[in-house]
Every structure is written in structure tokens, then in C-alpha cells.
Amino acid sequence: MSGEYTLQVIDLNLSFGGVTAVQNLSFRVPSGQIYSIIGPNGAGKTSVLNCINGFYKPQRGRIIFNGREITDLSPHKRAQIGIARVFQGIEIYRSMSVIDNIMTGRHIKMNANPILCALFIGPAKHEEVRNRAIVEEIIDFLNLEKYRKFPAGALPIGIQKRVALGRALALEPELLLLDEPMSGMSIEEKEDMCRYIIDINEERGITIILVEHDMSVVKDLSHTVMVMDRGMKIAEGRPQEVFKDMRVVRAYVGESVA
Amino acid sequence: MATLDLITLTQILIAGALTGTLYAPLTLGFNIIYRSSRVVNFAQGELLLIGAYVAYTFTVLVASNLIIGLMLAIIATGLVGPLIERAVLRPLLARPVFAAILVTIGLGISLQGTSQLIWGVTPLAAPVSFPAEPIRIGPIILPSVSVYSALVSTILVSVLLLFYQKTKLGLSMRAAGEDQALAMALGVNVRTVIATAWTISAVSSTVAGVLLSGVFGFVSYYLLFVALRVYVAAIVGGLDSVGGAILGSILIGVGESIGGLLEPSVGPGFRDAFPLLLALIVMMIRPYGLLGTERIERI
Amino acid sequence: MSAPSGIYSKSYEDEIAIARTPIERLALIIGSILLLVFPLITPTYYSVVAIYIFIAIISSIGLNILTGFAGQVSLGHSALMAVGAYAAAVAARYAGLQFLPAIFIGGLAAACAGFVFGAPSLRIKGFYLAISTLLAHYIIFFIIHLPSVAPLLGVPHGFILPDVALGPFTISGTFRNLYFYYIALGLAVFSIITAHNLMRSRIGRAFVAIRDNENAAEVLGINVYRYKLLAFTISSFYAGLAGATYVYFVRVIIPGHFELRVTIEYIAIILLGGLGRIWGSILGSFIIIILSEGIRYITVTYLYVISPEVSAYVEAFKLVIYGAIIIVIILTEPYGVVALLRKVKQYFKLWPFRY
Amino acid sequence: MKKVVALLVVVAILAIVAGVLVTQPLTTPAPRPAEKIYVGYAFCLTGPFAGPAEDGIKGIRDYIRIVNERGGVNGREIVLLIEDNEYKPETTIRIFTRWKEQYKLSAFVTCGTHVVAAIYQMVAEARIPYSDTSMAGPFADARKYPWYFPAPLGSYTDHYRAFLKWFKDKWAGPRAPRLAIVWETKAFAPLVKPGVESYAKDLGYEVMVEVVEIGSTSALEQMQRIKAYNADVVATMLPPAETALVLRTAREVGLKAEFVNFLYSIYWEPLVERLGPLAEGTYFGAPFVPWGYDVPGMKDLLEAHRRFHPDDRHTTQYVSGWISAMVLVEALRRAGDDLSGENVRRAWESITNFDTKGLTPPLGFTPMDHRSTTTIWIWKIEGGKFVRVAEVTLPRDDGYLGK
């Protein structure tokens, strides 16, 4: 891990047509932390994640990952150098089994060429078996054993989110972007998810950027919280400090109150 | 090749554009079904064929008056369209789009057989015969069928636009064309919308059948060959735009004319190939067609 | 879920083997024997129909990889078959290549063409992409018919391909169809196995990932455009292989073999059989060809007996039935026959206990 | 449950289809006793030429019926097998393979030049005489295609050549006559155009070439170029719809030239009727008479038609079918008791000066040359009727054989 900060976002500006989504946004994510971004709907949280992922090209600004400028890198390259993402909506592969879903996450760790794959000999087969072992380990970690061979689309939402998390973990990322991992979950499922997030952060040492609406979760999990409103950063700091800030409360007036 | 003067060029472009209006009603029919239900109708050519045959039946066999015969034909196909939809596509509402495609393929095969079963394989008289004398504007020669078809297409599109703008059903159709799920949530009866789309599609296919058979002077199997251009025209114009269907058709017509003009220097068949090259270029520049709207994907 | 209870795999290798249960192994053995003996105990006509089915399997596997697995709709499949067929024919005629190298060249040539066909997929999606491949289809046919190219390719009345030769053996004469049956069977098995392997490897998973959600695939590090092109290339390889095999079988190569309706037929095959399943291609080919052949046979055999005057009407009737059966099958099971069979399998797995 | 029932229905249908397919030939023993003669017609009963083919097959069937009523050929009954080849090569291949096994075919007849191209090799290997409704020049070269007999109605190229010769002979203009050839590149025209073009040049025509592809909806540019070229003769080699398009467009641009059209696109009453004034005054070459033409051979034909189809359409294509059946039966008659393919072919090639009682000029074949005749009648459409204006006999010149 190079340096103190896994990710630095400098002076980010993003707009669609005339609508400004993100404005002059700068922040730094310290290595090994859980860094939460909160804010009301439409504040531009997901847009920031999309810029980090490379889906949106910011009009201005730089994104630096592990000391390397990645502003112009395509999304899949960013994934290859260690940025994983769990989407807000459930975007797992519904027709695939849970195993295959997570195996897909191993894509960048495998490199057999099409001809070897077609013949399924030598390196291709070994690679498949080797990576399968790693996937089983992730399944173990997330307690998904029961569902290994079920088509993922047929599972309950909470499990599906866990599969999505497993798929992201399979990339062995250094930075994990979680976009509302708790939405639509029951209390028990949320508790489970929190434990997984903490384990991922602490045991695996993965830096996490968390976008979440459930303030109690944010309070409990985060090392640092950044508050956004209308595309701008309005506060940043340790959770307890930030939630005392009056501006934050104002931003949430009429919204789910902290 | 004769030297290319301004008059020839004008002539070629205008005649090409008018030929394009021959395809326009059919493209429109294809487009409307796609807009309302996201179904790619591979049976559009067969609708054209059936439409032309029905028009033949009513104008030649049933009614002695041409106008009455055509009216009856339009009413008949207007009823058949939604019937087809009700029988084979309705059960697939909210099922995979691919299934609907295969159903339209099967439907096309069946309709082809049906047309043969009813009308046989011998060419039948075209419902409307256009005068063989061309219409001349100064030195410019325009085939009469093209001129009439331009007229008919204009009327058809005007009526359709009026329907879209002024009626509640038209409004629902526009809404459904934009976003089906949203329209449903807003209380639009999507079933009615789709049935109406099939009615309009069948009627405009009939109109196209009448016009196209007028080019040759008879109705038979070959009309299916003509129908292929429709997919290209629909794409060039943009699948989700009524104006695009018209524009696409006209562009294909003009493209054919230009291709025909260049044929001696490029090679035989360039008349057919050039519009396709044109379409490919358009798609590279505007992947959603000239008048189509790009949908920004929400991530 | 997929294996009955009581089947344990001791290693991951075991689990990914093709036949895992004794029943599956038995079925594999019996099936193989049947396929091998089939042409020996039936009239040649059945071998010929079977050869058509095998070729359809090869080609529709290609289309299924592209459309079913990678989610890219193509209307240019028959043009790619034509490219493969013409490449093989040219290789055989002008370079004197033997059957296997020639069809391999055919596959490679089609793969290259497919790479080009897929180029617009970076920007164009869905039905628009399908139309761009349709345009590519027509442009290929335009090129084939160009006066400078056509005589070389024997367009349009075709040229004759040499006999199929495998090493020192030349296959011709009375038993040509019989030998060709085994060749086509071999190629079909080759295609099935390679496609099955590809689709369960990282490449297949990447394809499905792209089909289901391009953005999610990107964040997993999958280079979406590259894999789309790969899908086009692999798919076209099978198309080219099938096209080349086909012309070797019918002996004469003419553009008429590869008209647009051929593509439509293959689309029908994979949709009917089941998208995104290798089994779908196999079942679809089987059903569509048996259906068109069987309906022809029945109508001709029985309706002409009723009245010899009905010729054209019999043919029309045949079309109506053929179309209607396709519609009925899809209305019954929109996800294809494979999905239907899976339901039946589930039903009997639980039988007689239903819950 | 509903699903399962529906599934069972589908499975049942498939099972019946498959079952019938599998059991049928086994219940009918394959090698039949030789008391019947089997002739297979894989005809284009659907597709662009379905109309003419349907009439043609009626003529064939009626003639064979009469022959059978009169005791058959050498005491044997002729069995006609008729199936639709959909104008597609692959369908034809499947039909042929099945018939070949089920029956001892004495002759095989198809429809479509591209079908001949695709299937000739297969039929030749089975050593069965192969005839066709098409008459493309290249296949008439018996040195290359010994098993193929084009329809006994001349060759397409000869139809055009005869007209060009006749026209050239009566040409009195101050300059060489100008010919415009209008063809398509996808179907049969490529087999016709080169021979016609080189012959026209040999005769001293100036030639220009235009293409109107199948499925076109406009031919304006082509016709304008032809008009600018001042063509005296336009030879169209196109299917019916495209021929109609060309005639119409020519009228529109004011092109004044003689038209010589493809016989299958014009020599058929329903088409002439549909085309009306557009067809007036156009020519075509064909060595056989239209329906109802007053020649002795027409008597039997009218009689058969009266008996079998009193209310049916009467067309020229019926006549052409009738004639080809006459030749086939003659070949079978000459073959005697040995109905093997080899012998039928030999017998076919031994036909000389076959008299059709005025329906055609005398027909004949040789082992080297399968063109039935090189005497072509030139027909003109006047008042919606076919009027014979000339008879042209081309030399049986080897140089033009196969072109």
C-alpha cells in the first residue's frame, strides 16, 4: 500500500448538459478506513462513485488511486488495479448460480486464452480449480454455503446483496465502493451485513467507501464521514463531530433525520 | 454515362425521395409496433402482403367503387391487426422480448402460407393502377405512383400526428412510447395502446401494399422482397420516432437513387448497397438513428 | 439442486466433469452407441437429415454463443457462414487444401469477418446492432457479386468442391453420405464440447456478465468491448465451420445457400431451443429440421393422396402449420424447449412426491 | 399443470411427426417391383415462380394421366412424385435423397437454375437423367453435364439470340443497332447474359449493360441511361415483377425501343393481362405455341384440359409442361424395359426429329448437345395475344454450346 491515502479526489466537477451533479469536490480516503458519504437524495453521492469507477467522465478534476492518476482510465482497468464496487440496485447475474457469480469476480485473476478454455486442458483447468477454492473460501466467509448452486435471481434480496458483496470481494480489491448495501433489508440482515463490512475492513484490510442512508449504520461503522449536498461537500470529519454540525441537520430537513 | 448536370441530379434526388415515401407507411407500421411494445415485428413484410391481397379482394371482387373498396380493405385489415396481436402476442406481454421475436417469425411464416391458401400463387391485379404517364415538372420526370404515394404518405402521417396530438389515446400512445412502465403507472392502458398500434400498423401496411403493388401492376409474393428495406429505414430514422420512420424511408429512397447514379462506375448492385453503406455511416455517427433519442442509462 | 441427493463430489475436478451420475454416464454411452449405429440401420435419407441437423447444431451453437450468452443480436450469421464457406472453397480449389485444413481456414476467415461485424458493437446496441449486422450481410453479398470477384468465386452458379479427403482417404461414391455422417457428427461433437468448455470458463462467464449487465461487468474488470468482439469472433468461427462443412456436403457453393432466411431459421432454432444453453442449440436444431422435414413429408404423403389437384395448397398449408407450431411452442414456454424440459425433469425428480 | 398438458400436446405432435417419418419407409418396402415407372418432380410450388410452375405441373400431370389411361409406357404405369422444393437447393437435396432410396427413379425434374447448379453433381452420381424447367445455356453442354437435360424448349440464350439475329437482319438504320441488356446478378440472368452479350457483339451490335436487382422498386436511373444511349433494343433478363418495373419506367422516361423479355416473365397469360398496355408490342423468343394456338398437337391438350380442369385457367405454362412431359415419355418409351438411369439417358439422347404436331419445332438431342432445338419462334404481344412474327433457326454451332 503506497502512502497514507488510498484514494484522493481533487477538485471534481461533473455536469450533465446544464445540470451540475458534482461541484469542486475534493476529499481523501485514508488507507484502511471505512469512509462514508452521506447526503440527501440527489446530492451526487452515486455520481461520485461513478466517477471513481470511471462510468462518468468528470469535466474537471483528478482522481488519484494509490498515488496513481486514474482519471482517464476505463472502468475495467480501474477494476483490474483494485477498485471494486457493489451497486445500489442489485446487479448480480440472476441466471447464474451463486458460485458462478462469484467466479465471475475472479475474472481478472484468471488469464487462460480462448483456445485453452475451449479445450479445457492444462492451465485452463488448473486455473478453474484453483480459483474455485478461493471462491469457496469467500462463500464460507459470507455464509452462503446453502445457496451455492441456486440461480442467484431466485434468492431473497438480503442474500442477493451478500452475493454481490462476495463477487466484489473476489476481485481482492484494495478499495471497495459500497452503494447503499443495506437498502431494502430487514434489521437482522442489516446486522449481518454490518458485521461483514467490518470484517472485510479489519481482517482483509480493504479500504471502503460507503454510501448509506441509514445513519445509525453510518455512525457505527465509519471512521470518517463526508456530507454532500447539491454536489458539494458541506462537512467532513469523525462521525460524532459531523452529526453535531448544524448544516448537516439542515441538509436533512424533510429527509430521514439522523 | 451522360454528363451529370444539375437537372439530372435534381431529378434523381426528387425521384429518390418520392420512392422513399413508398416505403414510409410500412416503416411507420413497423415503428409503431416497436414503440408501443418493444416488439421487433419480423412479420411486417407479411402484413404488407396480406394488406395488398385484402385490398385486391375488396376493390376487385367485392366493391365496384374503388374508394369504397379501399375503405373496406382498411377497415378489414384494421380489425385483423389487433386480432393477430390478441391471439399470438398478448400472451407474451411482459415475457422475454426474444420470445416475441420468434412469435413474429412464426407468424410471418403462417401468414405467408395463409395468403397462398386464400389467394393462390398467380399474380393478381393491383388494387389501384396508377397512370403509366409520368408527371412532368419542367424537365423533371416523376413516376406517377411516386407522386401519389408521397401524397398518401403525407396524409397518413398528418392524420397520425393529429391523432397523437389531439386524442387521449394518442397521448397514451406517446406516453407508452417514451416509457412503458411509467405509462402503466400513470394509468395508461397498455393493452389498448398495443392493440391500437397493431391496428395502425396493419392499416398502414395495407396502404403500403396498395402503393407498392401499383409500382408493378400486380400483387404477388415478390412484395416480401421489398419489405426488407423497412428494417434499415426504421433504424436510420430512429426506432422511437415517427418522424424518423419517414425520414429514414426517404433517405433510403434517395440513397438508392444516388447508388443507381453511381452504379456504372462502382459496380452492379450498388443501387441496393449504397443505402446500406449510408445507413452504416449514420449508425456510426448516431447510434440511435437520426431522430431517435439516446437513452442515458442510470447506473 | 442440479444433482440428485446422494451424489457427492470429492474434488472440484469431479464436480466439473461432464457426466457425473451413473445415469448420466449410462445415457452418454447409450447415446453415443445410438448415434454411431444410426446411419447403419436406417436408410441414407435419415443420415442426410441428420447431417443437416449436425451442421445446424454447429452453426446455431455459434449464434447461441453470441446471442444467448453474450446477448448481442446478429442478423449477419448466414453471411458469416458464407464467408467461411467461400474461404474454404477457395482454399480447397486454389491452394489444394484438404477437407480439415480447408474448413478450419473457413472458420478462421469467418472469425476475422465476425471481428469486423462486431466492430460497431462498441457504440451500437440491441436491435440497432442487429441491423448493422444485417447491413454487413448485404455488403458481403455485394462484394461477392462484384464483377471483379464473382468469377473467382464462381458466383452465382457456383463451383464444385473437391471430394472430402482425410489424409490418404477420399470419401466419394456410394458411401459418401455414410462417411459424411460421421464427419459431421464428429464436428458437431467437437463444437458442442469446445463451446461447453468455453461457456463454463472465464470467457463464458464474462459473456453472460456482459449480457446481464454491462456496467457490473466493467467493475469486475471485464473489458466489455473486447469481450463483445471476442463473442463475435468465436461465434463466427462456428458459423464459418458450419458453412464450410455445409458446402462440402452439398458439393456446390452458391450464394443462394446463405440467404437471409437462413439466419432467420437459426434465430428460430436458438430461440425455440433455449437461449444461453448449448443444449438449446442442439434441441432447437433437432426440432426445427425434423419439423420442417416431417411436415413436408406428411402433407405430401397424405394430402396428395386425397387429391392430386391440391399441389400449391398443400404447400401453403404446410407453411401455416409450421408457423403455427413455432408459435404454440413459444406461447407454451417462452424460454425455449430447454426450460420446458428442465421443468419436466424437476417434476419427475420429485415424483411421486409433489410439494 | 396447464403447462404440463400443453407440453404433452407439443411432445405428442413432435412424436407423431417423428414417428411417421421413421416408420413410413420401413412399412413400404424400398425396392419396389419394376412394373411402375417413377419420375420425381421437385418443383417450385412456392417462391417467385410458383405461379407458372403450378400451371406447368398441371400440364405435366395431365399428359402423364392420359398416357397412363392409354396403357402407360410399354405397358407400365408412370408414377409422378411431386413435391415442393421451395425454390431452394437444400430442400431439393433432401427430397432427392429420400426419393432415390424409396423409389427407383427413372428421371428427376426440378425447378430453378440455381437448384441445378447446387444439385447436379449429386444426381449425376446417382446416374439419373436430370431435367428441369429452366433452360440455362451452360448446363445444355452435354460434354460437361451429361446427365442434365434442360427443358425441351430451346435455351434462354437462344431465345434472345434468335431475336437479335432476326432484328439485325431487318435492321436498316444508318448505324449499328444498339442493344441494352438489363439483368440481375443474383438469380438466373448471370447464366444468360454473357452468351447473349458476346453474340450481340459478334453480330455487330453496340452493347450497354444495366442491372436491376431483384426487389427493386425503381429503375429510373437505369432507364434514363438507356434512353440517353439511344438503345434500339432492350433485352430484359428479369423475373416478372422487375420486368414490369422496367417496362413501366421505360414508358415513363419515354424510352422508345423494342423490348425482348424473359419468357417466364411474359409468356404467361395472367402476367400479360396484369401488365396490360405495358406489355403491348414487346417480344420474346420461345419455341413453343401458346394455349389454344391452332396446331394439330393442340387437340389432345385441349381435350385433356376439358376433361380434367373444365373451369380452370388456361395458360401457356400448361403447354410448356405438357411438351416437356411428351419428351420425357418419349425417352421412357425408347428406353424399353431397361429403366435404369443410364439407359433412359441413352434413349433420351437418341431422340431425333421428335414431332410434337406443331406445338414445337421438331425436337432432338445428341450425346454432345442437350439443346432440344435451335429453331426459335419470335413472338410479339399484340392486343394481349401472342402473335408469331418469325421463325429463326440458329446453327447448332458448337461455339455457342454451353453459353
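Residue numbering begins at 1 within each chain, and the chains themselves are lettered A, B, C and D in the order written.
The criterion applied here is as follows: a residue touches a chain if its C-beta (ideal position, glycine included) is under 8 Å from a C-beta of that chain, and two chains touch if they have at least 3 such contacts.
This is a predicted model, so every value here is computed, not measured.
Number of steps on the shortest path from chain A to chain D, with steps defined by chain touch: 2. Central chain assignment: C. Criterion: smallest distance from chain C-alpha mean to the mean of all protein C-alpha atoms. When you average the Cα atoms of each chain and compare centres, the chain farthest from chain B turns out to be A. As a whole-number value, the distance joining the C-alpha centres of chain C and chain D reads 35 Å.
Averaging C-alpha coordinates per chain places the centre of chain A 48 Å away from that of chain B.
Chain B and chain C, compared by their mean Cα positions, are separated by 32 Å.
Each of residues 145, 215, 312, 315-316, 318-319, 325 in chain C touches at least two other chains. Shared interface positions of chain D, i.e. residues touching 2 or more other chains, are given as 45-46, 50, 54, 185. Annotation for chain A: residues 55, 87 touch two or more other chains. For chain B in complex with chain D, the residues that touch the partner chain are 1-2, 8, 11-12, 15-16, 19, 22-23, 116, 120-126, 129, 132-134, 141, 143-144, 146, 212, 215-218, 220-222, 225-226, 228, 253, 256-257, 260-261, 263-264, 268-269, 271-272. Remark: chain A residues 53-55, 74-80, 83-85, 87, 91-96, 100, 103-108, 110, 112, 114, 117-120, 124-125, 127-129, 132-133, 149-150, 167-168, 171 touch chain C in the complex. Across the complex, chain A is touched by residues 1-2, 11-13, 16, 194-195, 197-198, 200-206, 208-209, 212-213, 215-224, 230, 234, 276 of chain C. Taken in their complex, chain C has these residues touching chain D: 42-46, 48-49, 52, 145, 150, 155-158, 160, 173, 176-177, 250-252, 254-257, 287, 290-291, 293-298, 300-301, 304, 308, 311-312, 314-316, 318-319, 325, 328-329, 332-333, 340, 343-344, 347.
Note for the complex: chain C touches chain B at residues 120, 123-125, 127-128, 130-132, 134-136, 138-139, 142, 145-148, 215, 260, 264, 267-268, 271-272, 275, 312-313, 315-327, 330-331, 334-335.
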